[in-house]
Amino acid sequence: MAEQTNITVENLSHTYMPPKGKPVLALDGITLSVKDKEFIALLGPSGCGKSTLLYLMGGFLDIQDGQIRVNETPVTEPSRDRGIVFQHFALFPWKTVIQNIRFGLDKMNLAKSERDERARYYIDLVQLHGFEDSFPSQLSGGMKQRAAIARTLAMDPAILLMDEPFGALDAQTRMFMQAELLAILEKTPKTVVFVTHDVHEAVLLADRVAVMSARPGKINEIADIELGGGPKDVKSPEFAEMVDHLWDGVRKEALAAGQGR
Amino acid sequence: MDGVGKLKAIGRRFIPFASILVFLTVWELFARAGVVIPYLLPALSTVLAHVYADIMGGDLFRQLGLTFYRAMTGFFIGAVIAIPLGIMIGRFRFFRWFFDPVISITNPVPKVAFLPIFMIWFGLGDVSKIASVILLVFYPMVIAAIGGTLSVDKQLIWSARSLGASERDLLRQIILPAALPQIITGMQIAVPLALIVSIVAEFLMGGEGIGGKLLFAQRRINSPGVFASIVEIALAGAILIKSLEYMRRRLLVWHPETKLTTA
Amino acid sequence: MNIGLQRIHTFAVKYFPLVILIAIWELLPALGIVSPDILPSILAIAVALIDLFASGTILEHMRVSLFRAFTGLGLAMVFGITAGVTMAWFMPVRIVLNPLIQMFYPMPKSALIPVVIIWFGIGDASKIVLVFLGCMLPMVVGTFNGARGVDRETIWSARSMGTGDFEMIWRILLPSAMPEILNGARTALALCFALLVSAELLISRHGLGFLIGNYNEIGDNTRMFAVILIFALIGYGADRLYLLLRGRTLAWMG
């Protein structure tokens, strides 16, 4: 894709109304810009509104105050060029793996042969060959998430929004999936916004990490993860130092939230 | 496996039927002992002989058929109205605003009491009976469809939207299948209800059918006929409920609950 | 805005659809679209209601119906909860009763109307027995499922604190099963009015169901509508009362 893709968030605030009780300010004046083909992680303690920010970028929630623009076009509703991957996969449980992947493809203006070919390509890419006709309930967590990622990638979105995508997986599967995601992005670079509360994961995957404060969510710090280019060496002292540094920030926020600030 | 173990295994298999067997034996012996006059309680063997004669005579299937025809016609019309309406109510605010108070206020009302109104409006024939069935089966199905639609995982809808689904795609490809388990539960309540209402409508409005046959036997002081009809109704009802469970498993192969019940 | 006004406003918006439906009902006979014989106007029904109450006719029948419904339901609750808890706690009882319940549960209870009349005549007894038989099964099943659902750890920790059988049932099983018992009670409540009105419509000399059937036979449709309305209100009111009591019970339980 030759075209540039960037996301601009300007002075975004968001309040939600619980069924009972007072309105809660979830996001407070967020300003952020995501560059073309950049991988940015939103890091913060649970309840800091990082998922809310992602859902607003996706166009799933109505924007109340402030603005989000993708290539200067304001976001108002979900769109094919912003693919989403959820923590709990959100696969359609009554469709098989291949039917899930075909769901979006079949709504595109493509020849049948091309849709078939793309579906096959992404099945292979996420290594789900042989499981095309399984229902999601028959798959392991890691396989479900690979299917969900394939379903989103098959649309070839310019932007990939990921909401703690590996949060529901066990530690070992998570490591495999992280490596696989990086390999896939190597082949098809995209602009990625990745929500996580795992500091190690954020440092490993992202080009930049935005650390968010406890509720109401603000951006405390944006850290550039420049560890000397090339693949990151998780055993390097720089890596550990960056993790420690960010971890400290998150811990302070989590404590502040715990004290009922 | 040794002999004793085998016996135990067989024993365990028959335990569930033991108390039913005892119940039926006590019925037979009690009736034969002449503690009560046969009019009050005909012997089980007499009743079963009556059921057998009904089956062999062929008339039973005509009567059951009539009752089932009204029950199923009412059920299908009711489902065609209730399920799309319930989905619309769950999905669209305007529908919810209009129908929610109407349904929540009229639902707890004992609707059998309205059957005489249908007798005035539609007479004593099939139309009245089918209308009665429609009224009664409407509620469990519409409530199930509303509940099912409202509880569809929001992220499924979001995913579909970001994959380019239109509102029409959403309704047919996401919301309907996602709400299906609850809708089928509503149907599983509605189908036996349809049978019951069909029988009660025959009681009240007269005419042929298994309920009519039962009432006719009672009026003729033919108590073996009364008990035989009840046994026949119970059997028909049980078969109906079992086939619904089978259909549920067939329709929901993708659902985790199916794996649990077949494993 | 004033909170009182706000409430009235919310209430009005919420129930406006009902007002529309009632207006349509009132207009249909008034404009001659349907005959008032087929759909009496609400005004005519109200007049008939006042008359029925003033003469005392309806009160006597209401008393009979409520007595039958609540006696049958009350007995069903006492027996049903006892049986359900006993089944959950003592295996032999479960082995004996469970198959019988499985057998009778799917059976349409309304089909028993002719039998209870053969057994107990056309008076109160037959209706009470019918309501009792119909309502007992949902109570048993609700209680049984609720009491069986108590997790083993809870029972074990109560045991380790020296809880005896009786105390276990009274202090652990029943409170834990309460939500499901109450669900069973709601089913039973709805069933009790449905069975009662079917039986009274079919064969009876007293009760609201009899009154509805009677006005139907003599062709006094306005009064028939009036009695049906009263019966509907009783059913609705009972359900509201149930919701109120359930709210209290569950809140008290925490």
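Residue numbering begins at 1 within each chain, and the chains themselves are lettered A, B and C in the order written.
Simple rule for what comes next: a residue touches a chain if its C-beta (ideal position, glycine included) is under 8 Å from a C-beta of that chain, and two chains touch if they have at least 3 such contacts.
Computed from a prediction, not measured in an experiment: that's the story for all the values here.
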Any chain that touches chain B and chain A: none
Closest chain to global C-alpha mean, per-chain Cα centroids: B
Chain pair, most C-beta pairs within the contact cut-off: B-C
Interchain centroid distance [CA atoms averaged], chain A/chain B, Å: 47
Inter-chain centre distance, chain A versus chain C - centres from mean C-alpha coordinates, in Å: 51
Geometric centre distance via CA averages, chain C-chain B, whole Å: 19
Multi-partner residues of chain C (at least 2 other chains): none
Of chain C, residues touching chain B in the complex: 13-15, 17-18, 21, 37-38, 95-100, 103, 106-108, 110-115, 117-119, 190, 193-194, 197-198, 201-202, 208-209, 212-213, 216, 221, 224-225, 228, 231-232, 235-236, 238-240
Residues of chain A that touch chain B when the two form their complex: 55, 58-60, 77-80, 82-84, 86, 88, 90, 92-95, 103-104, 107-108, 135-138, 151-152, 155
Touch list for chain B against partner chain A, complex: 153-156, 158-166, 169, 173-174, 177-178, 180, 253-256, 259
Chain B residues within the chain C interface of the complex: 15-20, 23, 39-40, 97-99, 101-102, 105, 108-117, 119-121, 192, 195-196, 199-200, 203-204, 211, 214-215, 217-218, 223, 226-227, 229-230, 233-234, 237-238, 241
